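Each structure below appears as structure tokens.
What follows is chain A paired twice: with chain B in the first complex and chain C in the second.
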Partner chain A sequence: MKSPFAYQPRPRPLQLASPGAAVAYLGAIVAVAFLYSSPVVLFAAGAAAVLAGRLAGADRAVRVALRMGVALALLIVVVNALVVSRGETVLARLGEWPLLGQVDVTFEAIVAGLSGGLRAAVTLVAAAVYSSCVDPDRVLRVLRPLAGRSALTATLVSRMVPVAAADASRLRDASRLRGPGAAPVGKAPLARRLLAGSLDRAVDVAATLELRGYSLDAPRARNRRARSRYDRRFYAVAALVLVAAIAGKALGADDFQTYPSVEIGLGPATLALAALVALSGLAPLRRRPRRSQPASHVDGPQRGLYRSKSSRRQEVARV
Partner chain B sequence: MSELAIRRGAAPALAVEGLGYSYPHAPAPALEDVSLEVAPGEFVLLAGRSASGKSTLLKAACGLVPHFHGGEIEGEVRVGDLDAISSGPGELAAEVGYLAQDPETQVVSTTVAAEIELPLEMRGDEPASRARAVEEVALALAIPHLLDRTADTLSGGELQRVALAAALVTRPRLILLDEPTSQLDPVAGDELIWLLRRLNEEWGVAVLLAEHRLERCLAAADRVVAMESGRIAFDGAPADFLAWAQSSDPALETPAARLFSLAGIEPLPVGVRDARQILRRLK
Partner chain C sequence: MTGRRGTAVATALLLAALAAAGCGLGPGADVGDVRLTVTREFGAVPVLDRSLAAKESDTVMRLLEGEADVETRYGGGYVHSIDGVAEEQRDGDPYDWFFYVDGVESPIGAAEYELDGGERVWWDYRDWSTTNHVPAVVGSWPAPFADEQHPVAVECDLKPACGAVRQALEGEGVDVASGEPEKAIRVLVGTWDQLRGDPAARLIEEGPAESGVYADFDGSELVGLDEGGAPARSFAPDTGLVAATSRYGGLPVWVVTGATPAAVRGAAEALDTEHLRDHYAVAVENGKSTPLPLEGR
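== the complex of A and B ==
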């Protein structure tokens, strides 16, 4: 089964935007999560990431990332509650624990853990949206002139992961087909076989890259693709969110204290920043095309060159 | 004079002269004194058992040997105007395309369109000409409907066609295929061979196809070259090859030819159609 985080090309603004614009936009949301500890702002950043993913059509990736994010957040909350005994509001005294000593579960430690967990969840959801909406080929081609070897390694890895997964599935099937009388094949021999096979196949993939001309000097200027018309939107939203986040920080919008007692600021600066960050999730919203507009202009200029059959035909006809 | 003979007058698509090659740390050479010419537009079948040197010869023709695998090489290999021993695989990509056995390791991009476009992008072609070339090759291989799909959603046969499209998109003079049907079902294998024959006739691209199961591709070939232990053991027409295989290397006989020879029927059939015609004449 295909990974929920695998890239899926869709005619949506986030997928049509250039990798730089998409990274700037999603990076701004993550940056807010790292700059702020206030649960209000963190919830807003999470809402923005979820909204962006859903508007980009990455519902499955968002759902799975949210599930993972909630599990991770709960883990952080539990660990923080057990490890940190600071805070005035003691909810439970759990006595002496090995290694941890006296364990007092406090409301403040739970809220502090929740803040950290929220930050992790926001990062996970934003990473899932990036993974399923940004074409890795375009990212690697952007990187190739800047860091050829790293791009080559990343290309090999990105290709070898699905190939290794398919190999693992085949090896498992083959071991099952040996029948109940056969000696069971341990995980270690399977892993060794998989590793050896992957190395062989990595050589084949590298040979294919070589044959495609990957080792030629990267032509920079002529290789540059036309920008998407959505780029400006994502860059603008990213800049706005970052500037507002930095200004908000200076103006005290991150008014949040956990110890010795919890104080969550709900001042106008915090609420305004939270609203702005949450609204930034609407950036991938797709405008409905006007009927008079030709189809090829709806999705902006060339994400790739092959958005639809009509655009392909137009491109060829123009040539 | 046949069309092929006229083409033979032109500079060869591939010229190999006295080629010898040993892989690093290998006890014996993989190729010894191999000399071979492939004329422009010719369809040559490279036959031979496993480890007879077929794959190594193809790799030498596309520059992977010695540039990618290392080892010691002697002799001369020319693809069109390029010296394959001094030029790397990337430079040779404009003159020669290569398709290996495993389709899964030959598609390196996420989407089909990006995969086919990759060789043109690497050599710095303009976006408009890339679009035209991708469109043309996709139409020729009947895969325009796959262009927007991701590689992980394709079947083995579709992947093989996409890899072939990526190898052909630069419009090379020569295409090298290393057992391309070995991982395909019989129907997909037959389709690929006849697609190659059609491209060979319509585009004039020379084909050098290495196979050890010859029943499905012998009828498509203009000429057969058989290899044994790194040397060329036979070079001639498909019908003559069957007679040679019968006496020298029965493992290379096709099932139909073996059946005919057991039944004492002459001549031996090159393909199924040929077999039908021979049997009809016998009636």
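== the complex of A and C ==
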């Protein structure tokens, strides 16, 4: 079973765009999440990331990332509530704890944890969308002249992690299929087996890379891919979001305070920025192809590469 | 079924343990009133003075944050600014916020200092170029004597002054212990020649960096020091001193002294709120108190 975060080519704008444009677009959403603490803006950034993922067809990746993001956010909330005793509104007094001292759970600490958790969740969803929508090979090709080794490492990681996840899933299935009478397999043996398999695979990959001459200098890219017609759209949205975020920061759109009491600003600057950021999630929206337009003009040079089965079937039917 | 019952028993036990450990929902019950004072320049400039009802969960920081606009650093444990007055360098001298509870410098941070009710919390913004450690101050009188947590011992050889000191303490409802009880807050009363043999009192001769007291004795003269620790004024021979210090982080030791018996008597008669309120230490000259350190720079 393929990992939900594994790259899957689809004929959607985000996948068809060049890696630079896709990274700029998703990076702008993540940048907003790191620049702002206001839950209003963070929710908007989260909505943008989810919307972008769904429009790009990465529903499963978004769903799984959301689940993980919510779990991580809850963990951050709980830890912050126990570790930070600041804030005026004490909800519970939990007495003296070893290492932590007096633990007072305050409303303010919970809200601060929520803000941090929301940021983590947004980053996770955006990373999931990137992982499932941006071709790692194309990223490698773009980065190779700049930082060949780093690009290779990053690409290998982005390839190997889904493979390891699929391995884990297969091993779990295999252990389940031994029948109800079999002793349960603990997480540690499973992790050991997974690590051993990953190391074997790493050796194989290293040998293959060696044979293909990856240790030599990076060759100049000969067959540069033509730019996608969606690039301009993603670059423009990324620039707009970033400029608005920086300007909003200067204008006080991040009007949010957690300690000593919670104050969430809902001024026009905050609401306008939140609306813009949320709308930026529509950037991967696919325009319906015009009927009169011939199929060969749909997406220029990438058409042949990313045609879906259904479009191929349609072409065959037309012939 | 058994597992469910086990979980229920474990939950009940956990809740019982939490309740026994003094845990509960909400901020807890009222524990009494706490006096919150905020000043600047060694107490010379009043900023805030309020009596507030404290709850079980209240800390010094929570109390302050409820009354003033506070900016913190390092995870909320360190006060950076109060009502916009922030730590800074002024002409090369560092200024910062310090706090005292019942006239004693706190060994722990404001966020960890839990209040029991009845305390006097004093925040002061001051120059700490001479010392950042003033272990005890007199400005929260009648604290620390009124807290009833420690016995109060008056060590005195000068009859008229002793009576005045005892009277002042008893007037505030303090039971003065007889003899030399252990772990007592000591009040040393006598001329400087009599007191300088005491290890805690002798810290005054070693300067503000050791004692936290901006005063010194030069023969028969009491010398007032400025914020920089430099001599700023020599007082008349009959000028008394009321100051507090502490040795090795122990309980505060109050010093009621002067060069002459008349000076000690004058200092003893100044043990009241009118003379001591919001001062680190005072020099008492003809019934009039002069706050120390002196404004000199």
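Heads up, the rule we're going with is that the second predicted complex is superposed on the first by the 227 of 319 C-alpha atoms of A that agree within 3 Å, B and C clash if a C-alpha of one lies under 4 Å from a C-alpha of the other, contacts with A are read in each partner's own complex, and residues count from 1 in each chain.
Everything that follows uses one rule, which is that contacts are C-beta pairs under 8 Å (C-beta built on N, C-alpha and C of every residue); 3 or more make two chains touch, one makes a residue touch a chain.
Nothing here was measured: the structure is a model prediction, and the numbers come from that model.
Among chain B and chain C, the chain that touches a larger number of residues in chain A is B. In the superposition on chain A, A:190 contacts neither chain B nor chain C. Contacts of A:79 after superposition on the shared chain: neither chain B nor chain C is touched. By the touch criterion defined above, A:93 lies against chain C but remains apart from chain B after alignment on the C-alpha atoms of chain A. In the superposed model, A:210 lies in contact with chain B only, and not with chain C.
Of the two partner chains, chain C is the only one touched by A:104; chain B is not.
In the superposition on chain A, A:143 makes contact with neither chain B nor chain C.
In the superposed model, A:251 lies in contact with neither chain B nor chain C. Put simply, chain B touches chain A in their complex at residues 62, 64, 67-68, 88-91, 93, 97-98, 100, 102, 104-111, 113-114, 117-119, 121-132, 134-135, 144, 147-148, 150, 152-153, 163, 166-167. Residues 84-96, 101-102, 104, 259-260 of chain A touch chain C in their complex. For chain C in complex with chain A, the residues that touch the partner chain are 18, 21-28, 55-57, 59, 61-62, 65-66, 70, 72, 75-76, 111-112, 114.
Of all residues in chain A, only 2, 6-9, 135-138, 141, 155, 158-159, 162-163, 166, 201, 204-216, 218-219, 222-223, 225-226, 302, 304-309, 312, 315-316, 318-319 touch chain B in the complex they form.
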